[in-house]
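A, B and C label the chains in the order they appear, each numbered from 1.
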Amino acid sequence: MALLEVRGMTKRFGGLAAVSEVSFDLQGGEILGLIGPNGSGKTTLVNLVTGALPRTAGEVRFRGGSIHGLSPHAIGRLGVSRTFQIVKPFRNLTVIENVMVGALFGSRGGAPSLAEARRRAEEVLDFVSLSHRAQTAADGLNVPERKRMELARALAMRPAVLLLDEVMAGLNPAEIDAAVALIKRIRDRGTTLIVIEHVMRAIRDLSDRIMVLFHGEKLTEGPPVEVLNNPEVVSAYLGRRYAERAGA
Amino acid sequence: MPPTQWTRAGVAALVVLALSLAPVALSPFLIQFLINLFMLAALAESWNIIGGFTGYASFGNVAFFGIGAYTTGVLLTVLKWPFALALPASGLLAMAFAALVGIPILRLKGHYFAIATLGVAETMREIVYNLKITGGGTGLTMPITKSALPFFYLMFGILVAATAINWWLSASRFGYGLVAIREDEDAAMAMGINAALYKTAAFALSGAFAGLVGGVSAYWITFIDPDGVFKVIITIQMIIMAVFGGMGTVVGPLLGALVLASVSELLSTQLVSLAELFNGLIVILVVLFMPKGLAEVISKREFSLRTLARNLREYRM
Amino acid sequence: MLALQVLVNGILLGGLYGLMALGMSLIWGVMNIVNIAHGALIMLGAYVTFWLFTLWGWDPFVSLPATIVLLFVYGYCLQRFLLNLIVRAQLFLTLLITFGVEVVMVNLARIVWSSDLRQVTPSYAGASFSVSGLTVPYVRLWVFATTVVLSVLFLLILEKTRLGRAIRATSEELRAARLTGIPVAHIYAVTFGLGAALAGAAGGLWGMLFPITPIMGGGLTLKSFVVAVLGGLGTMMGAVVGGLVLGLAESFTATYLGPTYPNAISFGLLVLILIVRPTGLVGRRS
C-alpha cells in the first residue's frame, strides 16, 4: 500500500480545468519530483492534496485512509506538510518562534509543551543551518534564509509526507547544491517527499521518480533519465522546435 | 523563569498589592477615577484578545458589554436574582453570544469583518430597544448600593483576570496559534492550527470579559438604556487604548488605558460632546503619530519628535 | 393597492439610498477606504441645506449645487491633508481614523448647532398628488428625480471625462497611474471630494424628508455600506440596484411587520449577503 494514493484528482474553475484526472502513488521513503511548465497545475495539485482547495473530483488516501474533505489543519496533523511557493513567514515573530509554531501544532498534535517545542525548533534550525538567525525577526531574513525557514517550519511538524513547492527558486548554484543535500538528509531521516522544481539538475539529482504535469494533466512519470529525455516532456517545456532537435 | 520574568512578576505583584490597599488611602474622587480606569483597561485587554493577538479587529465589542449590562439589569430588576449570580451569568451569556455570532462572522476578513461587527452591535441595540423585558427605550434602574468599594474590587478583579489571560496568551500554545492566525491564516492552517475554532474561542473570551465589565458597570452606574450602553464610542475607546499602548502585547492596553484615561480626565468637562470631541481628536492623533503604540517605543527605547515625524510619514502615499 | 403604494414608497426611498451609497462605493472602490464618517458628511450636507434655507430663504433644491460644492471642497481637503497620510496603513487603521473624524464632526455639530431636531419645510412640503389610489408626495417625487439626475451625471463624469478616466486608472493600478503622470495625491483628493459631494447632496435631499440631527449619520453610514455591499463593491450600477433593493425591503417590512423592524432588516441583509454572496448582486466574482 502506498503512503499517499491520489486518484482522478480534478479541479475546475468555471470552464477551465486547472488539474484534470491526475493519479499517482507515493511510496514511503521516496522522493517524487514534480515538474511541468508554469501554469501546469503543480501548486494547485498540492493545494488539492492538502485540503487548501476544495476538489471538483478525485480521491486522496493517506496511509490507506481517505482524507477527502478534511480541512488543511486536520491534514497537517495527520502528517502531511507543505511549503508555500511564495513564502508565508510570520513576520512579527522571530525565526525560532516561527519554527515553534510548526513544532507546537504538527503531526499527532505537536509538542506537549512550549519548552519541548522550543527544543524541537532549535534542533530543526540546527539541521537546516539556521541556528545563527534564531532570534532574528522573520522580516529581516534574506531570500535563501526565508526559504530555509519555510522549510524548517514544515519540518518541525515532523511530517510523514512533505510537499516542497519550488524551494530553490531564487537560489544561486551553491545554494542549490546545499538545498539538494539538505533535502536528501530529510529523506534519510524518514520523511517522504514530493519536490516541485524548475531547476532541472536538482530534480535529476534528487528524484527517485519524476512526474510531469502539462496543462493540468499528467503527461508521464518514470525514472529521471527517461522522463527528462522524453521528447514530449522537452516539447512541453521548450516548444516543438527544440523537441524536433532532440529527435522527436 | 529567567531573571527578567521574575522582576516583571514581582513588579506586577507589587502593583496589584498596592492597588488592593488603595481605597484605604485615597479620596472618593480618586476611587471613582480608578474604577473608571479599571473598566477601560479591562475592556482594552478584552479587545486585545481578538484584535491584538488574533488580528481580527472587531469594531462591535460594545455589543458584549451591552449584553453583559442588560443581563445583569434584567436579572437584578425583573427576576430579582442576587448580584453574585447575575454577574457570572452576564459573563457567560456574553461569551455564548460572542461564540454564536463569531461562527459566521469570523469567516469574513478585513473591512467586511469590521463592518459586520459594527452591524452586530447596532442590531443588538435595536433589539434591546424593542424588547419589553429590557425596558425598551426607557431603560432599567438597578437597586442603589451605598459604597463604591465593592465595585472597586470587582472591576479590579476583572482587570487582573483579563490581564492574566493576555499574559497566558503571550506564553501558551493557544496564544501561539492565535498569533500565527494573525500573521498568516493560510500558513497557520497548513501547520495544523484549527483557525475557525481558535478564532471563535478568542472572540468568545473577548466577549466574556466585556460582558463581565458590562455587568459590573450596570450595577455601579445604576441606570442603563440602549443608547448609553451600546455606544460605538465605547468600542473606539477600547481599540484606541489597545493601539496606543501596543496591540498584541500584555501591558500595552494597560498603558494605553492609563495614559488616555488620565488625559481624558484632565480635559474632562461637563459637556459630553466636548469630552467625546477630545476622544475623537485623540483617535486621529494616535493613528497619525503612534500607530504602533507605546510598547514599541519603550522596547526600542527611542522616543522623540523625530519618531513622531517618522510615524507620520510612514504610511502616506 | 396598499402593495403598490408600498412599492412606490420603496422605490422613491431606494433612489436616495442609492445616491448615498454611490459616494461610499466610489471612495471604497478607488482608495480602499471604508469611510465611517460617510454619515457625518450626509449630516453636514443636510445642515448646509437647512441653514441656507433658514437664514437666507434658499429653496432646498436651488441650494443643492452650493451644498455640493461646499462638501466637495471639504472632502478634498480632508483627503488631501489628513487621509492621504495614512493610505498605505493597514485597513484597520484607516477605519479607525475615519471613526475619529466622524466623532469629531458629530460632536462639533452638537456643540455648534445643538441637538435640536431641525427640518427643512418649504411651502410645498406637504403637498401630494394622487393617481389611481396612489398618493405620491411631490417632495418625494422631486427628490427621486434629483437623485436620478445626480446619479446619471456622476456616472457620466466617471465614464466619459478625462477626470473620470484618471480616477478609474488610479483605482485599478496605483503605481502605473503614477508612472503615466497622473497626480495621484490630487486624484485621491478629488475622488474623496466627489464622494463627499454625493453624500452632501444626499444629505440635502434627506433633510427635506426627515428630521435633521447631529447623530443622524450613524445609521446612514451602515445603510450605505449595506447598499454598497448588496450591489457589489466598486460597481456604481450596483449601488443604484442595491439602493432600490434596500428601499423596497425597508418599505415592505415597515408596512407589513412594523415600523421598528426596517433597521434590523438592513443589518440582517448585510450579514446574509456577506456570507452568501460577498461580491454582491451586480458585482463580478473576483
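Simple rule for what comes next: a residue touches a chain if its C-beta (ideal position, glycine included) is under 8 Å from a C-beta of that chain, and two chains touch if they have at least 3 such contacts.
A quick note: this is a predicted structure, and the numbers were derived from the prediction, not measured.
Viewed as a network of touching protein chains, the structure reduces to a simple linear path. Counting C-beta pairs in contact across B-C and across A-B gives the higher total for B-C.
The most central chain, judged by the distance from its Cα centroid to the centroid of all protein Cα atoms shown, is B. Set against the Cα centre of chain A, the chain with the most distant centre is C.
Chain A and chain C have Cα centroids separated by 50 Å. A separation of 32 Å divides the Cα centre of chain B from that of chain C.
Centre-to-centre separation of chain A and chain B, using mean CA positions: 42 Å. Touching of two or more other chains is recorded for no residue of chain A.
Residues of chain A touching chain B in their complex: 50, 52, 71-74, 76-77, 81-82, 84, 88-93, 97, 100-102, 104-107, 110, 114, 117, 153-154, 157. The part of chain B that touches chain C in the complex is made up of residues 57, 59, 104-105, 107-108, 110-112, 114-116, 118-120, 122-123, 126-127, 129-130, 232-233, 236, 239-240, 243, 271, 273-274, 276-277, 279-284, 287-288, 291, 312-317.
Taken together, the chain B residues at the contact with chain A in this complex read 171-173, 176-177, 179-180, 183-184, 186-195, 248. Of all residues in chain C, only 28, 34, 82, 84-89, 91-93, 95-97, 99-104, 106-108, 110-111, 184-185, 188, 218-219, 222, 225, 229, 260, 263-264, 267-268, 270-271, 274-275, 278 touch chain B in the complex they form.
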